[in-house]
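Each structure below is given as structure tokens.
What follows is chain A paired twice: with chain B in the first complex and chain C in the second.
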Partner chain A sequence: MLLVAAVLVLAGPALAQEGGEAYRDFPIVGSRVAIWVIAQLHLLFGAFVLAVPLFAVTIEYMGMRTGDQRYDDLAHEFTRLLTMAFSTTAIFGAMLLFMLLGLYPKFMSYLSSIFSATFLPYVLLFFGETFSLYIYYYGWGKLSPRVHLSIGVLLNVIGILVMMVANAWVTFMTSPAGIDDSGALVNVWDAIANPTWMPINIHRVIANVAFGGSIAGAYAAFNFLTAKTDEERAHYDWMGYIGNFVAIVALLPLPFAGYYLGREIYAFNQQMGITMMGGVFSWLFIVQAVLIGALFLAANYYLWLGMARIEGAERFRPAIKYLLILLTICLMIWATPHSMVASLEESRKMGGAHHPVLGFLGVMSAKNTAVNLMILTTYISFLLYRRGNRIATVAWARSGNIAQVAIFVGAAAVVIFLGVYGYYVEASVRIGFSVPQVGAVLFAMIAVTVIDAFLFKDCRETGGIRWGEISPRSQYALLLLAISFTWLMGLMGYVRSGLRQHWHVYGVVRDTSADAFTPTLGYATMVVSVTVLIFFAFLVFIFWLSRLSQKQAYRAQS
Partner chain B sequence: MPDKQNGRGLPVIAQVALVFAGAYLLLRFSVQPPIPSSVLGMYMFFVGVSLMLFVSSDDDRFAEFKRPLIQLLTAREHKVPRLVLGTVFPLLVAYLGYAGAHTEIAPPGQQRTVHPAPPNEIDFKGKRIDVLTAENPFRHLAEEEPEAFREHVARGKDVYYRNCVFCHGDNLEGDGLYAHGLSPIPANLADPGTIAQLQESYLFWRIAKGGPGLPVEGTPWDSAMPAWEKFLDEDEIWEVILFLYDFTDQHPRSWEE
Partner chain C sequence: MNVPLKIVLFTLAVTGFYTYVGAIVPQMEAHPPKSTEIGADMGPVELAATGKEIFFGKGTCALCHTIGGKGERCPDLEGIGRRAASRIEGVSAQEYLAQSMYQPNEYVVDGYQPTMPNISRAPIGLTDGEIIAVVAFLQNEGGEITVTPATRFEAAGEAGSQPVARTEGEGPLDALAIIKKYNCEACHDLAGAERRLGPPLHDIGARQTRAQILHSIVEPDAEIAAGEPPYTPGLMSATLMSTGFYDTLTLPELTALVEHLASLEGGE
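Moving on, here comes the complex of A and B:
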């Protein structure tokens, strides 16, 4: 497999230049959809493969620090999923390359002329990733813990580098740099470090962790729901909790990373920015808002249900109502479109497509305020969950709690004040407000966590956590989380790619194929949804394989 | 035992129905003009989902919520109500299906307007103008030569009241004499959601090329805006843009430093 990949990557330029055809057809669905689906599948598996080592190593490190064997076992179990997903990623990667070379030879020839210098390092990095992954997996418990952990760290570093190289190719297509007016290469580093490269790198690393956490959570949910013993249920309940925790921690900074990427796209080219946020693709951001809302609701819901298995957490149950009301209001603001679909009569009453009252909720000031408050609310849910069975015993417990509440109120006040003030200043100032808004929320989360750590040092416990006794509904929330993440990645990936419209490389290589049109939103979302279904079909197969490998040998059973 | 939660008199299912109905009434009647049904439907979906999450976030509450439904569907003594439900519910679904298909004859609904994305460059009477980077040649005068700047604004005002006022109105609010003969009505330029969100070069493109110059993507467009390049010269367009921002006390979008 690796050899095939290596040969294909290195021989790509030569293969691509053969013949004079610019495009070849793919039967039934056409070349664009074929590439779209395979690229998306490759990306989804790739995201999982890159994300799992990040938190497997973290969990392994926690096991080393605490001496708790459960962490080590959990990290090992996550890594077992990884080895299976890794080969699937490579297969889709090879398929993608085959199909690109076959279906888009001229475009691939151009891309090779720009990036051929990166191909050999990519292959070498890929080899490095494979070797370190297999040593990491098969060396479990056999190498010294420190050496093993170091290999895990190396695996992550190489994995991220692999991603960054591939990101250079794909971001160059959106925001080309390092070329002259004729499109010829001038400086390969400029082509790599094009305007959207670093924003994508950051966005993808964070999103991969969130996605990987949610898929690991889905794996735990799948096993929880089919578990036969209480021990299994307890184990997978705990694993699901960790998966959800990882997903939420990464989800919280994700909107900021997305905002940064969007801002860079806008700064690179106003046309693409308007097409994305105000033009044909803006509808997809309404769909995105609904899906992100589902993510926040599912993550909170999981924590609330989880509180039922914590002895002593009953005292926090009344708070759920208020957190939910706040989340719902923020979600409604987040999803309110700026200009609305309305009947003729409705638009006449509104005096156009903009509602005179709700129109104010359709702009970025309101959206940023809503999402920051949703993040704060989710953090409060997590904090209450964490405190479920703990009672602070330090002398300054009361003042500590008051300080925490003051920090939350202060951060919310800053977010709301800047959100409202944003309507009274010009756009360039308003865009700048997003930074202190985010800063206030991050500050609140860090400060409250630090206070909490000291507040609950040597605390009194009111009871234990009854792992395995969580409602099955919580597991469906975990599955929803994984599906929503996958859907979002497909949807937003399409937006990022579709923004180029009739260009392979924006403003440089024009798409002259029969597919050089933007598909309808309905069609695009269907393709994304079918891809998500295919991904989950493969994933269930991998989950099943993972369980199969755990089973006793057939002879031993009989 | 009465169907209660936390000692309250009202059954959980009734509480849920009341909150849902209350939220609907609040959203339907407290905001004027009424929220379009597409958005109201989305809001009510969120309210419904949140209510179900709240009910099911507690095992006891969820059991209380389900109990009357399960009783209605299974208990022997509820045979008559079950029969009524089994008859009325399909009829209701059939009616909703019929009502959805049997619509009044009316002009098609207004689809959501999207902001048209500008081209990277335009040809203005043989001159190439880069829409991404073009700046208003008179903007810098605001600081450097305020008097000259006011003269250009005054010229822009003249251009506006000779050409644009008929549709965009005396106060630039999109309510000129001809406005209500048009669908959609002209843009309300005093609304902070319109020109304040855009760069001056964008306005130049929209004014110069009008409705006929809108991009292929996102078609069909509904715009009665003429291509003003046929009637105005370049300076006049930049001047009227100065006036639009000056009169509405807004600032064009600019990039952060």
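Moving on, here comes the complex of A and C:
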């Protein structure tokens, strides 16, 4: 497989230059949809194989520090999923390359002329990733723990580098740099480090962790729901909790990374930024709001249900309804469109496309406020969960709690004040408010976490956590998280590519094929849904294989 | 119902719900813009009507500009036909409008950022004829249409669809020529203390060493000058890059520029 990939990558430029055709057709669905689906599947599996080592190594390290064997076993179990997913990622990667060379030969020829210098390093990195992965997996329990952990760290470093090389190719298509007016290469490093490269790198690493955590959570949920013993249920309940924890921790800073990416897109080309937020794709962000709202609700719901199995957590139950109300209100604000879909008569009654009342909630000031409050609310849910069976015993416990509440209230006040004040200032000033809003929330999360760490040092426990005794509904919340994350990645893939509109490389290589138009959101969501279902079909197969490898030998069974 | 089947149905239901949400929002299909042929016999009215189509279509001008709105992102263009002749002294309305499309950063309206691209280049890529039509449309906004399909703009000849680059064999420019060529004074006041998009530089020689001045030119984002409201990070580097400053300036020219700035000490 590796050899095939290496030969393809190295031979790609030569293959691509042959023949004079710019495009070739793919039967039935057409070239664009074929590439779209395969690229998205490659990305989804790629995200999974990049994310799992990140938290497998972290969990292994926690096992080393605490001496708790469960962490080590969990990290090993995550890694078992990885080996099979890695092969699947490579297969889809090879398919993508074959299809691009065959269906878009001229475009690939151009891209090769820019990035040929990166191909050999990419292949070498790919080899490095493969070897370190297999040493990491097969060396479990056989290498010294420190050496093993170091291999895991190496695996992560190489994995991220592989992603960064591939990101350079993709982001160059959106924000080309390092070329002259005719599109010829001037400086390959400038082409790599194009304006959206680093924002995408950061956004993808964080998003991959969130996605990987949710998929690991879904694996645990699947196993929990089909478990036959209490012991199995307890194990997969705990695994699901860890998966959800990883997903939430990565989900919280994700909007900030998205904001950074959006800002860089605006800085590169204001028109592209406006097309993204106010043009053809403006309604996509309403769909995105529904998805992210579902993610936040599912993550919080899981934590609330999880508190039922923590002895002592019942004292926090009354707070849940207020958190739910706040989340729901924020979600409704975020999903409020700026302009309404209305009949002519309704539009006349409203006096335009904007609803006289709800229209005020459809603007950036309201949405920024809502998403920041949703992040704060989720963080509070997590904090209550963490405190479920703990009581602080330090002398300054009361003042510590008061300080935490004051920080939350202060952060919320800053977010709300700037949100409201944003209605009274010019757009150029309003846009700048996002930074202090985000800063206040980040500060609150970090400050409260630090206080909490000291507050609950040597705390008193009111009881244990009854792992396995959680409502099955919680497992469907985990599945909802995984499906929503996957679907969201597909949707954002559509907008990232769609931003280029009728350009393969924005402003440089024009798309002259029959597909040189941006399809409707309805069409795109159909393609995304089909891709998501194919992905989960493959994933179930991988889960099944993982379970199969744990079964006793056939002869021993009989 | 067995659990795996429940999970499959749940997955289908969630995916189906999201597909449904995607299907109920307004559906727009964006097609690539088509070039418009400007006939030699087009009269002013027809030319302005064609320009209007290009303004709201291929030109994508309406993404940023309004006509009769607040002009939050870029200037509102209501009545621009009347104002255009008085924007720059000695520049006619039609030349000013053409310059704002071919060389948009030559003159930036107060209170706005130099964010407009040269629309004769990709990705917008209006043809000379299409730009004539847009000029006609804008002149028609409160002014008189003076352009015809045969009009040739000076601005198109100067920068047009060519990058900012020096002619072969041309010697190094002196500091004042560089300042003029890259329009430094659009953002910096070199003669007085006026705050523009960037800080005034009339006394920069008294405040900074040559090394600091050089550093500010080569890496403008390394340290942003203090100001209230704060200056925009990235603006200077983006502007200079878009004009080809870093690609075309020679070392002797850079030295001359630094020397000149170092000589500005705020005196009369």
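Operating definition for what follows: the second predicted complex is superposed on the first by the 558 of 558 C-alpha atoms of A that agree within 3 Å, B and C clash if a C-alpha of one lies under 4 Å from a C-alpha of the other, contacts with A are read in each partner's own complex, and residues count from 1 in each chain.
Just so it is clear, a residue touches a chain if its C-beta (ideal position, glycine included) is under 8 Å from a C-beta of that chain, and two chains touch if they have at least 3 such contacts.
All figures in this text were calculated on a predicted structure; none of them were measured in a lab.
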Chain C versus chain B on the shared chain A, clash or fit after superposition: clash
Which superposed partner A:P436 touches (first chain B, second chain C, both, neither): neither
Partner chain(s) touched by A:G362 [first = chain B, second = chain C, both, neither]: first
Which superposed partner A:W283 touches (first chain B, second chain C, both, neither): both
First, second, both or neither for A:T518, with chain B first and chain C second: both
Chain B versus chain C as contact partner of A:Q270, first or second or both or neither: both
Partner chain(s) touched by A:S471 [first = chain B, second = chain C, both, neither]: first
Which of chain B and chain C A:A308 touches, first, second, both or neither: first
First, second, both or neither for A:R317, with chain B first and chain C second: first
Chain B versus chain C as contact partner of A:G102, first or second or both or neither: neither
Clash with chain B, by chain C stretch, listed 4-12, 130-138 or 166-174: 130-138
Contact residues of chain A, present in both the chain B and the chain C interface: 267, 269-271, 274-275, 278-280, 283, 290, 337, 341, 426-428, 501, 507, 518
Interface residues, chain C side, partner chain A - complex: 3-4, 6-7, 10-12, 14-16, 18-19, 21-32, 60, 63-64, 72-73, 113, 115, 117, 121-124, 163, 234, 238
Partner chain A, residues of chain B touching it in the complex: 31-39, 42-43, 46-47, 49-50, 53-54, 56-59, 106-120, 131-132, 174-175, 183-185, 187-188, 191-193, 196-197, 199, 202, 217-218, 250-256
Residues of chain A that touch chain B when the two form their complex: 267, 269-272, 274-275, 278-280, 282-283, 290, 293, 297, 301, 304-305, 308, 317, 320-321, 324-325, 327-328, 331-332, 335-347, 349-360, 362-363, 423, 426-428, 431-432, 471, 473, 501, 507, 518
Chain C contact footprint on chain A (complex, rising order): 180-181, 222, 225-226, 267, 269-271, 274-275, 278-280, 283, 286-287, 290-291, 337, 341, 426-428, 476, 479-480, 483-484, 487, 491, 501-503, 506-508, 510-511, 516-522, 524-526, 528-529, 532-533, 536
